[in-house]
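Once you've had a glance at the structure underneath, I'll fire off some questions.
Labels run A, B and C following the written order; every chain starts at residue 1.
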Amino acid sequence: MSARSDLPAWVDIGLIPALNLVIAFVMAGLVVLIIGENPIKALAILLGEPLFSFQGWCNILYYATNFIFTGLCVSVAFHAGLFNIGGEGQAYVAGLGAATPGLILGGALASILPNALSQPITLLVCLVGSFIVGGLWGLFPGYLQAKRGSHIVITTIMLNFIAASLMQYMINRVFRPTGNQAVESRAINNAYILNLREIGNIFGAKLPSTPLTPVIFIALLAAFAVWYLLWRTKLGYEIRTVGANQEAAIYAGISPPRIIMITMMISGGLAGLLAFHEVLGPQHKLLLEYVQGAGFVGIAVALMGRSHPVGIVLAALLFGLLSEGGTQLSFEIQSISKDLVVVIQGLVVLFMGALEQAFHPLLQKFFRQES
Amino acid sequence: MTPAIELINIDKRFGAVHANNNVSIAIAAGTIHGIIGENGAGKSTLMSILFGFYQADKGECRLRGKPEKIKSSTDAIALGIGMVHQHFMLVEPFTVLENIILGAEGGALIGPALDKARAALKHLADEYELDVDPDAIVGELPVGLQQRVEILKALYKGAEVLILDEPTGVLTPAEADHLFRILKQLRDQGKTVILITHKLREIMAITDRVSVMRRGEVVAEFDTSKTNVGELAEAMVGRRVLLRVEKTRAKPGNVVLDVRHLTWRDKKNTARVDDVSFNVRKGEIVGIAGVSGNGQSELLDVITGIAKASSGEVIFKDQPIGIKDSPAELRKRGLAHVPEDRHHRGLISTFTAAESAILGYQSNPALGKGFRLNRDAVVAQSLKQMQEFDVRPADPHLKSAKFSGGNQQKIILAREIGSNPDLLIVGQPTRGVDIGAIEFIHRRLIELRDQGKAILLVSVELDEIRSLSDRILVMFAGRVMGERPPSADERELGLLMAGVGKEAA
Amino acid sequence: MEFALLPEILGSTVRMSVPLILACIAGLWSERSGVVDIGLEGKMLAGAFSAAAAASYFHSAWIGLLLAILVCIMFSLVHGYACITQRGNQVVSGVAINMLAAGLTVVIGNSWYKQGGRTPQLDDASRFLPINFPGRDALFQMDGVGPIARIFLDHSVLAFIAFALVPLSAWALAKTRFGLRLRAVGENPQAVDTAGISVARLRYQAVIIAGVLCGIAGAYLSTALQTSFVRDMSAGRGFLALTALIFANWRAWPALGTCLLFGFLQAIANFMQGFQLFGVEIPVQVFNALPYIMTIVLLAGFIGKSVPPKASGTPYSKDR
């Protein structure tokens, strides 16, 4: 987002994130200390427990699946110089694109095709549907920014709230079967993403219970696709040019409004894939508030991962580890809520984003002396 | 008599830029003193130091003979120095009165200050022809009046010395004349006025004495009555060792670029390019000379499709350039463009050299089929261009910002020439470029001409224009003042650049 | 709409508007100085928690209020340090503040009270109750006048502070030296700097004021409107206040009107499940979404125009 320094690359992409992470942990440790617990012990549980069990790893990967999608969403927009804080809403509304084909088309196909055929076809349509609906919810603020000059930060915030109201209405009034007490759609069985345990059962392996699904591979594929788009295609080049220098982009014959709209469509679409994962995977139904703040975690992931897909995958794993570790922590030390993870996320955003420049003078001095 | 202001051995650097190099100026009280020089000569920096906005690295300021440390604008204002900045320091949604009292409110509530200012304004209006409605919203006033508010602000705060930075850049001739009348009245009432400008006409019209700045130094001082426009122009542009470029006579062919009655107006409806007509033929270099800010940049923007003409037409290879023609489209048709400002347009400092080397040509099929951008092809092409143009280091993976000015310019030139254009438009090809690279770039441009390409060259360096061009057009205030052969007398060109001489092209 | 419910709805409108007004005016001060504050939500939440925790510990609503203000000022200073001193991204800083507040309130609350982030129920002495003025009960029971009086008078002191802040802020911005300079710094910080006034100092003062007002807003939520803190109890009100600020074009009096309107929409949404207009049922979500929809339409320039202070969002630096 901001101008890169003249620091060595490894400092910029390695040392600074690591340093900021350490500071975030130290400060979170202080919070633990204040509430009267042992921070070392808490840290050991937070990081240790998930890492030393198979189930822990599965759950880390489950969380990371969502975080990769939202992290990519934020970072694609970053590359075009846009701050999309609407990932939350885009992922939420995309649930319509994931659930509708699953409920309607899935049933129709299941009645004429064998399950082994109808399921993959339906899932593919759901995948595309999630991407498109999420993308449209991103395109709208992109259009407002490009053509009407409405600031994208503000419009995406508002669209998050509009998304919440819209989904509440849709799920309550449209998707909820009459007479159903719970505010959620009926189970989407014709577009059913198996989790690891269910896949294991097919092969007769007994695996632990986990919400992890093969969608993690789609997430990794999306990370690769984003990398390919940004650094190996003409469109990606144009996106990065607009983000780096709009005047140079105009000189080069690139239309910034067009690029802004395309980028926001892609950005929203990536967030939309979270809906595909969550609605058809672990939940198997459209329900309220399934995004659970993952859209905002995406901001932390993108900042931590330096907006590079490899960094994003690593940062998503880190935040996946924290989410899983936080749950473990709250089990073992009752007085520590798993929301400690949110505190760490906030600290990461603060130090990696807003206070990004704080260490630069110091580090620059240090490395100038070195060389 | 003690001078009102003495600046002694002022030195200021911004990173690598030596903005003021050991500058000394003395300004007599009760005079209008002009400081003239091209953009970037260090005039504004010097005055910002006097006004306390920047701190000098070295040197001393004396007011009425007394050394003063001016650490902030507050100090400057307290010492009776007022400044009218080039970009007005006005709060647009505020009324005139609110703007005037800002920083001089005199108490926790602004009511009394507003009343006081209203009375003072009436007084100043009577004294100096400085009428302005005290309750008008500043943002809604025309620029001439906004400037008057700036002057009133300074006077209200008790300025005895008034600095004006390029005050007429935004004014119509009539407004400028009014301003000059006001300045003369101020002088006659005993105020000292410092006028920073790059316009010779203004210096001649109202100053008593003038200092000429070039490249951060004061290179000459004159009593205005004892000098003339030619002498000033020469001092301003400077006589450098004329770079000899070996070239044969041009063999011009068909017209490639034909500009007819082209006009471009800015948002305030001022014609920045005013009824310009000329053409460029195959195998010749047409140079546009002129002091910067006289419409050259806008002219290039219109020809290259970045800005749209208000009226008139541009015909490139017998086809008009229309509203729909983007820079990308024109590049495909064979129009290459080396922009004047390489940092903001020519390349992208955070990109690698190879990435910057395809800017504008990213859709070239040779760089990848369909939507793909073939990294290897991009790097290979960049490396080839780098070797051909002797870019050092010849490393396509290095960040663009890490190259020296000369090498950055070579990267851009290689890119634009590499596209094998029919017309090359070059703006300030050697600004901030070392001597070695200058020679190299000049040689390449002549070679390109000899290959039968048409070249339109814009430069503020008169020497460069003279040594490269086959025909020279001089621009002043958006208009072409005339056409001369490169053998024309330097003085004569200087006069045209100053807007003197009416003969049509 | 059933008219019998009208006094109830209007009374509720006032109660719903109070935190919006406080947060909106907080945002007004900050943003008019050029510092974008999307951390209103987080500050309000932190204030609500601090007020409830302190009030329950000290059995004093006023100490709760004081603590809420202090905590919010600390958050403001973090934001100020990032945005003013470090010239960081103001939006990112705001996002961080929101995350920190959301996390910290629950972590600390959970560890102290072990009720899933909820603070203990406050007794009346530890809350801001509707002001009990002489003749109150008699007035409220009067036929005709009573219900109307209740709409306007049956509120705590914090509500009256909120409403008083609107004219006070409008006056201070328009008529005082501080207000003049603050407005100037949000439009053209260079003009302020060249007039010899410190840009950073003014902006710090502005964010501190925002902190104070967010603290009051938070205290209102947990010690006046409700009887304890519950997790995420600000429930988007900070963003709604920000929306109101934009809709009101960053001006104090229109902000009051907008907050009352948005408060009214919230009150309707709370009171009615299913609202009939010309025989068509309007779902409750429409009322929730309406403020945001209206503001987007305004922002897009389809009707009217909303123009933020020119320098908002840009850190000030006089370097080249």
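Going forward, a contact is a pair of C-beta atoms (placed from the backbone, for glycine too) under 8 Å apart; a residue touches a chain by one contact, two chains touch by 3 or more.
Keep in mind it's a predicted model, so treat the numbers as computed, not measured.
Visitor: Need the most distant chain from subunit A, centre defined as the mean of C-alpha atoms.
Guide: Comparing chain centres, B lies farthest from subunit A.
Visitor: Ranking chain pairs by contacts, what comes out on top?
Guide: Summing C-beta contacts for every pairing gives the maximum at A-C.
Visitor: Based only on mean CA positions, could you tell me how far subunit A sits from subunit B in angstrom?
Guide: Using C-alpha averages as centres, the distance is 47 Å.
Visitor: Quick one: subunit A and subunit C, Cα centre-to-centre, how many Å?
Guide: Centre separation, subunit A to subunit C: 30 Å.
Visitor: Give me the residue numbers in subunit C that touch at least two other chains, ranges are fine.
Guide: none
Visitor: Would you give the residues of subunit A that are in contact with at least 2 other chains, written as numbers and ranges?
Guide: Answer for subunit A, listing residues that touch two or more other chains: there are none.
Visitor: Can you list every residue of subunit B that touches 2 or more other chains, as numbers and ranges?
Guide: none
Visitor: Quick check on the complex: what are the subunit B residues that touch subunit C?
Guide: These residues of subunit B touch subunit C: 14, 51, 53, 72-77, 83, 85, 87, 89-94, 98-99, 101-105, 107-111, 113.
Visitor: Using the touch rule from the top, collect the residues of subunit A that touch subunit C in their complex.
Guide: 1-2, 31, 34-37, 83, 85, 144, 148-151, 153-155, 157-159, 161-162, 164-166, 168-169, 173, 296, 299-300, 303, 334-337, 339-347, 349-350, 353-358
Visitor: Where on subunit C is subunit B touching in the complex?
Guide: For subunit C paired with subunit B, touching residues are 175-181, 183-184, 187-188, 190-197, 310, 318, 320.
Visitor: Once bound in the complex, which stretches of subunit A touch subunit B?
Guide: Of all residues in subunit A, those touching subunit B are 3-4, 231-238, 240-241, 244-245, 247-248, 250-255.
Visitor: Sort out for me which residues of subunit C touch subunit A in the complex.
Guide: Residues in contact with subunit A: 38, 78, 81-83, 86-93, 95-104, 106-108, 110-112, 114, 116-117, 236, 239-240, 242-243, 246, 283, 285-286, 288-289, 292-293, 295-296, 299-301, 308.
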